[in-house]
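Same chain, two partners: subunit A is paired with subunit B first, then with subunit C.
Let's look at the complex of A and B:
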C-alpha cells in the first residue's frame, strides 16, 4: 500500500464512503457481456449446484440447477444445457475483419475472482477433456465449453476478457474496510454506492447480510433449505413430482443468486460512469488477438491445455506475465493523474513547475565528447529526495529521459535531458518555463530481441523414473 | 599455510572434475571463499583448449570479473584475452577499457578472438543459437533464475556452476502463483534445476572464506549455512586503526569505535513503527558513514596497510527507495561538509550480492516494521548484508526486532511440491540478533 492509498483508506473510513483511486476506467467494458454467477456444493467444487447467466440487465437470467449435485448424470445434463447457451453466446464473436482478426471478443463478468477461478479453472478443467464417445459419452458441447472456459482461466494482467467485479471495483475505489472484506461484492458496493439514506459501513453491513455471491453458498441456507429440498427430490416418485421439486429448488436458488446477479450489473454501471483510460483500447486489442488465436486453435482442433507446462512454455509465459504486469502499471499511471499522484506521493515521481529551460546546453560525456544535454529547472510541488543520477521520464512523453543533477540549496530540482529531447527534431518535446510537469519512473518499455528456443536443452530435460525404465 | 593448501587442493580437484569432461559440476561456496578466483582460474585453464563463455548475473559482477583478470595478470598469471559482451546501452566503467587484451562489444562476432567471453545471462539470451561452446562457467548459480539457464543450456555442452547457497534466491515481479511448486519452475534457481535434471552432477564445496574475518565467519556460518566453513585469516591478521579520536562523542562515533575494535557494532534506534524510508535511520546511517571517513581509519590485512577509502565502504539496504534516500542524504552531507561520503556504495542486498567491501553499514531489513513478512525475514537477504565485509560490519536498526520475531505469524502459503527452504529465516534472525546485542552501542 502506498502513501496515497493509505490516506485514501483512512479518508474513506472517516467519511464512511469509498474514495476514488482513479479518474479513468482501466478496464474495457463490452457492450454485450455475459454475466455469470453460480454455486457449487459446499466442500465440492467439482459438483456445480446452480449457474445463472444472461447478457442484459432487463431480462430474466437463465438458470440451471442440479437437484442432486452428487449425481453425475444430472450434473452433465445441466452442464450440457449451460454449454449450449454459452457456445451460442461465444459464436456471436466469430466474425472477422479483412486481416482475419475477430471483430470483437466476448467478456465474462463474475462477482468475484473465486467464481472465475472455480468456473473457468475447475469446471473448465474437468469438462474440457470429456469424451463424446465410448461408454458414457458426454454431449460434445460440454468438452467444447470446457475448452473455452479453460481459455478464460489463465489470463494476463490487464486483460478484460473476464472481469471479477470485486477486483475491477477495488482497482478504482478504496474502501475504509479491510482488503479481505472487499472480497464481498455486496459489501464493497455498499461502500461505493450506498442506497440513499445510508452510508458506506451501514450499506456494507446490509450487503453482508444478503445471500453470498458464490461460488460458496450460505451454510445456513444449505442446512435449512437445500438439504430439505434434496431430500424431497430423492423422495419424489414420478416425473411430475420430480419436476415440481426441481421448480422449487430453482425458485430458491434464484432467490439466492439474484442479488449477486444484480450486483454485477451495478458494478458495471459504476465502472461505466468513468471515462475509459487511453490504453484500455490497446489492451482490449490484445485480448481480441488472444481470442482470435484461441478461435483458430479451436477450429483446427489444437486447443490443448497443459496442467504442467514445459520449461520452455513456463519461461515464455513468465516473461509475458512480467512484461504485462509492468506495462499495466505504467499505462495506468500515464493515463490517470490520480494513479500518477500515488507515485508522486511515494516520492518515486516528481511533480512541479518548470521555472527555467536551457535547450541549447552542451556538456562533456564520459568519453570526453561534447553532447547536447538540455536542462530544465523545476520547482517541485512536494519535497523530492531522490539522489542525483536518478533517471526519470516525462509523463506526457515517456520517450524523454531526464537525469537528476546534484541539488542546490534553493530547493529547485535540475534535470538534464539525456534522451528523447536533445536533437533538433526532438527539442520541441522539452518542457517550457511555466509548464506543469510530472517526471515519473515509467519510461517507454524496451524490447530486446531474444533468441527463440525450439528444443528443451539438456539442462532442463528431466528424466523421469518410469521413462528411464522404459529405455532400458 | 594450511588454509591456502586446502584451498589449492579443492581448486585442483574441481579442475580435475571439469577436465574429465563432467557434463555438469556444481561448486557451493560460502561468502568470499574464492569463488571468483576459482572461476577465473578454471576459465584460464579451460581457455587453453577452447573459448570459454563466462555467464554472470549483473553488469557490476561482469566488470568486477574483468578487474579480477587484470589483477591476476599483474600478479603474474598467464595473460588472457578477455571479451566483454554487453548491451547497446552499457557504458564501460572509466577504469576499464584502455587495458591490453580487453575487448568490448555488443556483438558476439567481434569476440571470436577472445579466450573468455564475459556477459550477463540476459545478454547471453540474445546471442544467436546457431553455435555452441564445449564448456562454460556460470557464476552465482544460486542467484540465477532457471529460465535464464535455458539459452545457456542450448549453447553450452557442459557447465561448471558456482554459487553461494546462502544468498538471496531469484524472484519475479509478476504473480508467480501458477509456477509455484511445479517441477522445474522458471523462478527456481539454476542450481536447483541442474540438480533436478542432472542427478549425476558433481558437487564440490569451497571450505574457507577469505573475505570474512574470523569474528564474522563463525557467526555467518552458524546462522546461515548447512555446511560449516571457517575464515582463512587469523584474528590478528586483520585490524582497523582509528587515526583521529573524536572530540564530540556520539553514537555514530561509538559505533565506529566498536567496529574498529571488535569488528561489529549495533546501533539501535527507538522502537517505533516507521515508514520504509525512516528518516532517522537514514540520518543515523549517514552519520556513521561520515564518522567512518572522519576517523582516518587505516586498514591492516594480509596484503599490508593502507588508508580507508570511500569506495571501501558500502551501505546495504533492503528497498530501492531506502537506497535513494540514503544516497540523497550522503550527497547533501557532501555538499555541507565536503567529505566524499557520496562515493560510498549504497545499494540493495540484491545488487550487493557477490561484491566485497572493507566495511559495510547495514540497514536491518526488519527495522521499523510492524510485521516480519517473509520478504523481510528472508535469511538470504540478511546473510548477503552481513557477509560483504572484510573488516567490520555496523548494523543500524530500530529496536523491537525481538518482539517482531516473537509476534510473527507466517502468512505465506505453503506450496505443494516445493522444497522447504533449508534455512529458517526466523531462527537466523534470532541468532544474529543475539550476536549483535553483544556489540550494541
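Let's look at the complex of A and C:
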C-alpha cells in the first residue's frame, strides 16, 4: 500500500464515503454485456443450484433452477437451457471485418471473482469434455458452452472479457473498510454509491444484510428455506405438484439472486460515469483478437484446454502474466494522473518543475567518445531519494529516457537525457525551464518478439518421486 | 483446599462453555495479540453464542448441504474397516500396515464402557486413555492399537491447559505416529482451494504439536510424531478419495513460537476490574428484552478486555462487535493492517489526517516519521488534483 492509498483510505473513513483512486475508467464496458449471477450447492461446486442472467437492466432476468442439484439429469436439463441462451448471446459476436477480425467481443459481468472462477473455471472445466453420445449423453449444447466458458477462465490482467464487479470497483475506488470486506459487492457499492439519506458505512451495513452475491448461498437460508423445499420436491408426486414446488424454489431463488443482479448493473453504471482511459481501446482490441482466435478454434473443432498445464506451458504463462501485469500498470499510470500520483507518492516517480535546461550539453561516455547528453535540473515537488544512475522516463513522452546524476546539496535533481531527446530532430522533446514534469519508471515497452521458452526453466522443473528417493 | 474458581472460570461465570478444537486455536492465532480473544479462548467461552448474543443476529450456521456432503465423504473413506485410508496410507506414506487394530476414543464410543462420565470428567478420561494408548504403542508396537480415532490431547494456550478434540486419525506404525486428516473440499486437477488448504495445514499443525507435547509428557522424543502428514480429499467433483502428503514441520514450529507468545490469559483477566463476568445465556425462547439485557451485560464485560482489530478478524464470531467498536473509536485499525501499519502509533483516524495535512504538530519522533509518510500521500493527492504533467 503506497502513501497515497493510505491517505485515500483514511479520507474514506473520515468522510464516510469511497474515495476515487482513478480519474479515468480503465476497463472496457460493452454496450451489450451478459450479466451472470448464480449459486451452487454449499460445499459442492459441481452442483449448480441456480443461474440468473440477462443483457439489459430493464428486462426480467432469465433464471434456471435445479430443484435437486445432486441429480445429474436435472442438472443437464437446466444447463442445456442456459447453454442454448449463452450460445445465442455469443453468436451475436461472430460478425467479422474485412481483415477477418470479429467486430466486437462478448463481455461477461459477474458480481465477484469467485463467481467467475466457479462458472468459467469449474463449470467450464467439467462440462467442456462431456460426451454427447454413448450412455447417459449430455445435451450437445452443454459441452459447447463449456468450451466457451473455459475460454473465459483464467484471463490476463487488462482483459475486459470478464468483469468481476468487485475487482473492477476496487481498482477505481478506495473504501474505508477492511480489504476483505470489499469482496462483498453490496457492501462495496454501499461505500461507493450510498442511497440518498445514508452514508457509506450505513449503506455497507445494509448491503451486508442482503442475500450473498454467490457463488455460495446464505447458509441460514440453506437451512431454513432451501432444505425444506428440496425435501418437498422429493415428496412431490405427479408432475403438477413437482411443477408447483419448482415454481416455489424458483421464486425463493430469484429473491436471493435479484439483489446481486441489480448490483452488477449498478456497478456498471458507476464505472460508466468515468471517462474511458486512452489505452482501454487498445486492450479491448487485444481482447477482440483473442475472441477471434477462439472462434476460429471452435469453428475448426480444435478448442482444446489442458486440465493440468505442462511445466513449459506454466512457465510461459507466468512470463506472459508478468509482462501483462507490468504493461497494465504502465498504461494506467500514463492515462491517469491519480495513478501516476500514486507512483510519485511511493517514491518510484519524480514530480517537479524544470528550473534549468542545457540542451547542448556534451559529455564523454565510457568509450571516451563525446556524446550529446542534454541536462535538465528539476526542483522536486515531493522529496525524491532514488540514487544516481536510476533511469526514468518522461511521463508525457515515455520514449525520453533520463538518468539521474549525483545530487548536490541544493536539493535540486539533475538528470541527463540519454535516449529519445538527444538528437537534433528529437531535442524538442526535452522539457523547457518552467515546465511541470513527471519522470516515471514506466518506459515505452520494447516490442521484441516474445522469446519462446524451449527448455523448462529451473522454477518449473518437476522432481520425480523416484529421483527424490534416490537422492535421499 | 481452594475451591474458589480461578479468574477464567469466574469471568465465564454461567455462560456456556465450548471446548477448544484445532480450528479454534488456529483461528485465534489469525488475530495475533488480541487479548480479548485470548482470554475468551482460554476460558473456553462459547464464542458463537457470545457473538450472536452481543450483535443480536443469529450466527451463520454451517449449511446442512455442506455438512451432509462432508459427513458422506468421511463415512465413505472410513467405511469397510478403513480400507480406503489404509490403502492410501500404504501408498502415500509408504507405511507397511500388516493389520489394523483400531480404537475409537470419541465420547460416544466411550459412553458404553464408562457410563455416567460426562463433561470435564470425560475429557480427562479421554486424555488419559489417549496417553495410555500412546504409551502402549511405544512399548509394544506389535500388539498395541495402531490406529487411533478421536483422540483427546492437551495444549497449553495462554497459560491454560485446553483439551483438544482430535479430528484426525493417527497411525502408529514402526514406532512413529503418522497423522491423517480427512477434508471434504475437492482437489481439482491436483490443486485444492489455497485458502482452505492453508487452513487445513494450520489445523493439522495444531494436532501434531499437541501430539508432540504428549510424547514429551510420556518421556518419548517429540520426533516420534512424523510431521509428514497425509490429507485425504475428494478427487475432482467425485467422492473418490485422493491423498496428498505434506511436511508440516515448519508450521508446527511456527505454531509453537506463536503459542509461546500468546499473552497469559490469567494476567489479562487479573488486570480487569474485579467481578467483571459474562452474564448467563438466556434460555431458548427467552424474550427480546431478556436477550437485549444479556447482550448489554455481555458487551459491558467484553469492554474490559482490550481487543486488537486486524485483517484476520473477519473470521472471528465477535467480528461485528469489534468492528463497531473500532469504528466508534475512529481507530486506524478499522482500515486494515496495511493502513494501521503505515500510521504506526497514530491510532486515531482524525489525528492521522490532521498530521497529513499539517494541522497538527507531531508529538514525538515516531509520530514525526508517520507524519512524513502521511504528508507525502496528501501532497500526492493535491498534486494529482492540480493536474499532473
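As a working rule, the second predicted complex is superposed on the first by the 446 of 472 C-alpha atoms of A that agree within 3 Å, B and C clash if a C-alpha of one lies under 4 Å from a C-alpha of the other, contacts with A are read in each partner's own complex, and residues count from 1 in each chain.
One rule holds in what follows: a contact is a pair of C-beta atoms (placed from the backbone, for glycine too) under 8 Å apart; a residue touches a chain by one contact, two chains touch by 3 or more.
These figures come from a predicted structure and were not determined experimentally.
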Contacts of A:308 with subunit B and subunit C, given as first, second, both or neither: both
Contacts of A:386 with subunit B and subunit C, given as first, second, both or neither: first
Contacts of A:396 with subunit B and subunit C, given as first, second, both or neither: second
First, second, both or neither for A:51, with subunit B first and subunit C second: neither
Of subunit C and subunit B, partner touching more subunit A residues: C
Touching partner for A:179 - first (subunit B), second (subunit C), both, neither: second
Subunit B versus subunit C as contact partner of A:4, first or second or both or neither: second
First, second, both or neither for A:187, with subunit B first and subunit C second: neither
Touched partner set for A:325, first subunit B, second subunit C, both or neither: first
Shared contact residues on subunit A - subunit B and subunit C: 3, 308
Of subunit A, residues touching subunit C in the complex: 1-11, 13-14, 23, 41-46, 122, 125-126, 176-181, 201, 217-220, 222-223, 226-227, 307-308, 337-338, 340-342, 344-345, 351, 381-383, 395-396, 435-438
Interfacial residue positions of subunit A with respect to subunit B in the complex: 3, 154, 157, 308-309, 311-312, 314-315, 317-319, 321-322, 324-326, 346-348, 366, 385-390, 406-407, 409, 448-451, 453, 455, 457-463
Contact footprint of subunit A on subunit B as seen in their complex: 23-24, 87, 91, 94, 122, 125-129, 146-147, 149-154, 159, 172-176, 178-179, 182-187, 190, 193-194, 196-198, 275, 277, 321, 324-325, 327-328, 330-332, 335
Complex contacts: residues of subunit C adjacent to subunit A: 58, 60-67, 69-70, 184-186, 188-190, 236-237, 311, 313-314, 327, 330, 332, 334-336, 338-339, 342-343, 349-350, 352-353, 356, 373-374, 376-381, 383-384, 387-389
